[in-house]
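Each structure below appears as C-alpha cells.
Two complexes come next, and they have one chain in common, chain A, joined by chain B in the first and chain C in the second.
Here is the complex of A and B:
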C-alpha cells in the first residue's frame, strides 16, 4: 500500500491514464473516458467551493455552459481561432463567476444553495431564449476542434484523449497546489466553521469569492474543452441535471479530496455504460445511491481509503506508544529493584 | 379594464398555485430546516397520480385529487422516515444532496412507469363563467377558490387544533416542544404528509391548464424557493404573500415586458432583492 502514496502513486495513476489508449478496444471507449475526464475537471472546480469551502453551489453546470458557449460563439459566429476562444472560456466564466459570487456569497448555507440553483436556471433560460446569440434550443453546431499546435494535430481520437488528459493533469496539479497552500487551509477553515474562521482573522467574503471564482474558472475551462471535443452545444448543458451529476461524482469519489472528482466521474461513467439498458432511467439507480452514500458512506471511495489509512496509522501509533510505556514501566521496575 | 382584469385573474391563479407549493416547502423548512429540493418532484408525482386515477380508473376529478394527495403525502412521510430522519445530525450539505437524490429517483420513476410524453389533463369544468360582464374560465376560478379554502383550512388546523399547534410549537422551538411532551417524530411525519398533500392538490388543480410531464416540477419548485426566500423561510403568511407577489409579477411582466422571458422574472426579482437585502423581504434580524 505504501507505493500508492505520494509521488509514486500519482505516477502510477498517470501511467494508467497514458496507457489506456493501448488497452481501449475502440474509439468509443476513448470517447467515454475523455468525456469523463472533462467532467472530472468541472467537478474538481465544484469540489473546491463545495468540498473544501463548504458552500453547495447548485449552478455549477451553468458556468460550464458559459465556458462552452464562449468557445462556441467565438469560433462559429466570430470565427476566432480555437485556442484564443478556449482561453476566453475560463476568463468569461471567471468574470461572471466573480459577479455572481459577490452577490451570492453574502448568503449562507441553504440560501446560497437556493440562490445558486436559481442562478443556474437563469443561465439556462438565457441560453435557451436568447436565440440570436446562442442559437436557442437548436444550439450551436460546427464548432471547430482544437487547432494543431506546431507539429501536434488533434484529429484522431487518441490525440484528443491525450489533450484532455493533459488538461486534467494540469488542473489537478494546480488544485493540489491550491488546497495544500495556506489558501487551501483557509478554505477548509471556512468550511469547518464560518465564525471560527472569522475569529482567526480570515476575511470570509474575500476567500469565499476567490474559491468561487476559481471553481467557475475550472467549470469554464471544462466547458471550453467540452465544446471543442463534442463540437455541438445545446442549452441542456446548463441544466440542473448536469450539476446533480457532478454532485453524484463528488459523493461517489469522495467530497473534499483531490482525487475524489476523478474517481467519481470515471466510476459513474463506466457504471452508466453497463447500465445502458436503463437509458433515461439510470437515475432510478443513482438517485437512491446518492441517498445511501450520504447516509452510510459520506466520504466516498477516496475518503474511505484515507480513513482506513488514518485508522491504520493511529493503531500503529497506539501500539508504539504502548510499547514505549511498557518499556518505561520495565525500566522503572528495574530501578526500584 | 377587461384586459387588466384578465391579468389580475391570471396573477391570482399563478399566485395560488405557487403559494400552495411554497406553503408545503416552508412548513417542512420550519420543522426540519431542510430545503426540500424533492418537493417539486412530489408536485409532479401528484399531477401524474391524479391524471392516471382519472384516465385509467375513470375516477371523479375531486376524488382523484384527494387520492393523489394521499399518495404523495405518504411519499413525503416515507422520505422523512427513510432519508431526512437518519440525516438529522449530519452536516448541512448532506440532507440537501439526499433531497436531490430523492428528486432524481422520483423523476426517473415516473418516466419509467408512465413515459416522458406530455399529457393534457381533462377537467369537468370547461365552461366560461361571466360575472359583472367579465368572463373567466371556471377552472381558473376553481384554482383560486380551492387555494384560498385550503389555506383557510390549514390556518384553522394550525391555530385551533392541538395537533396543528404542535407543528407551530416545533417550528418555534424544538427543545421547548420536546420538553412539553410533543412527539418530534410524529410532528415531522405529519408535516411531511401535509406538505406532500398540498403539493399534490396544487398540481391537480393546475394540471388542466398546464400540461403534465416529468420535468413539470422544475420551474414550480424553483419559484417556490424564490417565494419562501422572499417571504422568510418557515413563515406561513410569507409563503402566501410571496406566492401572490410572484404570481402577479409574472402575469404583468409577461404582458407588459415579454412573454418570452416571463419565467425569468421570478429569478431576477430574487437576485435583485437578495442583492439589496440579503436577509429577505419580510424577515427581521440577521441570518
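Here is the complex of A and C:
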C-alpha cells in the first residue's frame, strides 16, 4: 500500500482520472463521471463545514443552486459571457453564505442543522416562486456552455470532462492547503469541542463563519459548473434531497477526510447506475448496502484506509520501541557479565 | 494578579455564585474547594469568560475582563483545563497540541492560500511550542501515540500542556487529579509545583484533600455559591464552618 501514499498516490489518482475517457465506452459514462465530480466539489465544501468544523449544514444544496442560478440568470437574461458569470457563481454564493452564516452560526448543534434546513428550503421556495427572475418551476433553459479559452474548446464530452476534472483538482488542492494548515487545525479544534477551542483563544464566530463562507463558495462554484454542464436549471437543484445525497457521499466516502467526498460521490453514482435496471426498487438494494457500509465502515472508505494506515504505523512504532528496549536490556546484561 | 469583586451569577432563580470577593496572587497556588454543586466550576466559567456574570467585576492584570469573551480572556493570558478533556482521538498527542499556540499566531485565510512566509514560520512556532510543553509535562515519549490510546493521567497532562501552549500567566485547573490514582496524583502535584516554579500562577479546583493541603498556598471554600472561608491550609482544616459544610452540623458540634 506504500505506493498510495504521498505525492505518488496523488499522481496515480490524477492519472486514473485523466485516463478515464480512454476506457469509457461511451459519452454517457463520461456524463455520469463529470456529474459525480461536480457533486464531489460541492460535497468537499460541505465536508469543510460539517466534516472538519463540525457544523451540520443542511442547506448546502441551496448554495449550489444559488451558484447555478447565478450563471443561468447572468448568461441567459443578461447575456454575460460564460466565464464572467461563472466567476460570479462563487462570489454570490459566498456573499449570501456570509449573511446566512453570521445569523445561523449563532446557533449550535441541532439548532444550527434545523435552521440551515429551513434556509435551504427558503432558497428553494424563492427560486420556485420568483418567476420573473428565476423562471419559476419552468426554470432556465438554453444556458451557454463554457466558452472556449484560446484554442481550447469545450464542445465535446471529453473536453468538458477534463474541464470538470481541472476544477476538481484545483478544489481539492486548495482544500488540502486549508485543512493541513493552522486554519484547518483551528476548524478541527472547534469540531472537537467548542468550549475547549474557545478556552484556547479561538474566536468561534469568526472561524465558523470563515469555514461556512468557504463551504458555500465551493457549493456555488460547483453549481456554476453544473449550470454550464447540464445547460438547464430547475428549482429542484436547491431541494433538500440533494443535501442529503451529499451527506450520503460524506458517510460513504469518509467524513472529515480530504478524498472522502470524491470517493463517496463516485461510488454512489456508479452503484446507482448499476442498479438503474431495478427502477424504483433500486432503493431496496441501496438502503441495505448503505446500512452495511455504516456498520462495517463507520468512518467511510477513506476513513477506513486512514485508520488501517494509522494502526500499522502505531504497530511499527510500538515494535521499534520494543526493539530499543530489548537492545538496552541486552547491553546492560552484557555490561554486567 | 487576578481580582474578583462581589461576583454573582444567577441561572434563572438559582444563584450559582453569590457575591464572591477574592484575589489570587502572582506565583501562588490557589485552591478552591467545596461540596459538589457549590459553584466551583461556574466560578471558573465566569473568570474564563465562558459565562457572563450577573453582577460583579473581574480584573486581570489591571484590565477589566468582566464582559470579555472566553477567547479574548485567553489571549490576555488566562488558560484553563476542563474536567474532561476533549482530544481528537484519531490524531496523535502531538497533533492535538499544535493548535494550542494558535492564539499567538496571526495567519489567516490568505496566508493559507498563498502559503506565505508568515504562515510557515507560525506553523513552525506552533510545532516548537507543542514540543516544548510536551517536554514540560513529561510526555515527550507519548508524542506520536494516538490520543485515544493514552491513560487518564496522561490525558490530564496533555490538558495541562494544551493550557501551557497558550503562553498563559494564570492557569485554572478544574479537577486536575479527577479519576487518577493516588501515585499518579502525587506526580501531577509535582507538575503543578513545577508550573508555579516557572513563574505561573495556578488556581485549581480539587476534591482530593491531601493533595490540596500539601499543595495550596491559599484555599477558598465555596458552599452554595458563597465564600464561607479563606485562608492557609492549616486555617481551613480547623475552621468549624468548613467542617460543618463538609460533614454536617452534628460533626462540627462533636
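Throughout what follows, the second predicted complex is superposed on the first by the 318 of 337 C-alpha atoms of A that agree within 3 Å, B and C clash if a C-alpha of one lies under 4 Å from a C-alpha of the other, contacts with A are read in each partner's own complex, and residues count from 1 in each chain.
Operating definition for what follows: a contact is a pair of C-beta atoms (placed from the backbone, for glycine too) under 8 Å apart; a residue touches a chain by one contact, two chains touch by 3 or more.
Everything quoted here is computed from the prediction, not taken from an experiment.
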Of the two partners chain B and chain C, more of chain A gets touched by chain B
First (chain B), second (chain C), both or neither: which does A:230 touch?
neither
Of the partners chain B and chain C, which touch A:174 in the superposed model: first, second, both, neither?
second
Once chain A of both complexes is superposed, is A:118 in touch with chain B (first), chain C (second), both, or neither?
first
Check whether A:203 is in contact with chain B, with chain C, with both or with neither, and answer first, second, both or neither.
second
Of the two partner chains, chain B (first) and chain C (second), which one does A:267 touch, if any: first, second, both, or neither?
neither
Where chain A meets both chain C and chain B, residue numbers
none
Can you check the complex and tell me which residues of chain C touch chain A?
48, 50, 69-71, 74-75, 79-80, 82, 85-88, 90, 95, 98-100, 102-103, 105, 107-109, 111-113, 115, 119, 122-123, 126, 144-146, 149, 162-163, 165-166
Report the residues of chain B in contact with chain A in the complex, numbered from low to high.
29, 33, 35, 37, 82-83, 86-87, 90, 92-98, 100-109, 111-112, 116, 218, 222, 225-226, 229, 233, 260-261, 263-264, 267-268, 270-271, 274-275, 278, 287
Contact set on chain A toward chain B in their complex
50, 54, 56, 103-104, 106-111, 113-115, 117-119, 121-122, 125-126, 129, 240-241, 244, 247, 251, 255, 280-284, 286-291, 294-295, 298
Complex contact set, residues of chain A against chain C:
174, 177-178, 181-183, 185-186, 188-189, 191-193, 195-204, 210, 214, 306-307, 310, 314, 317
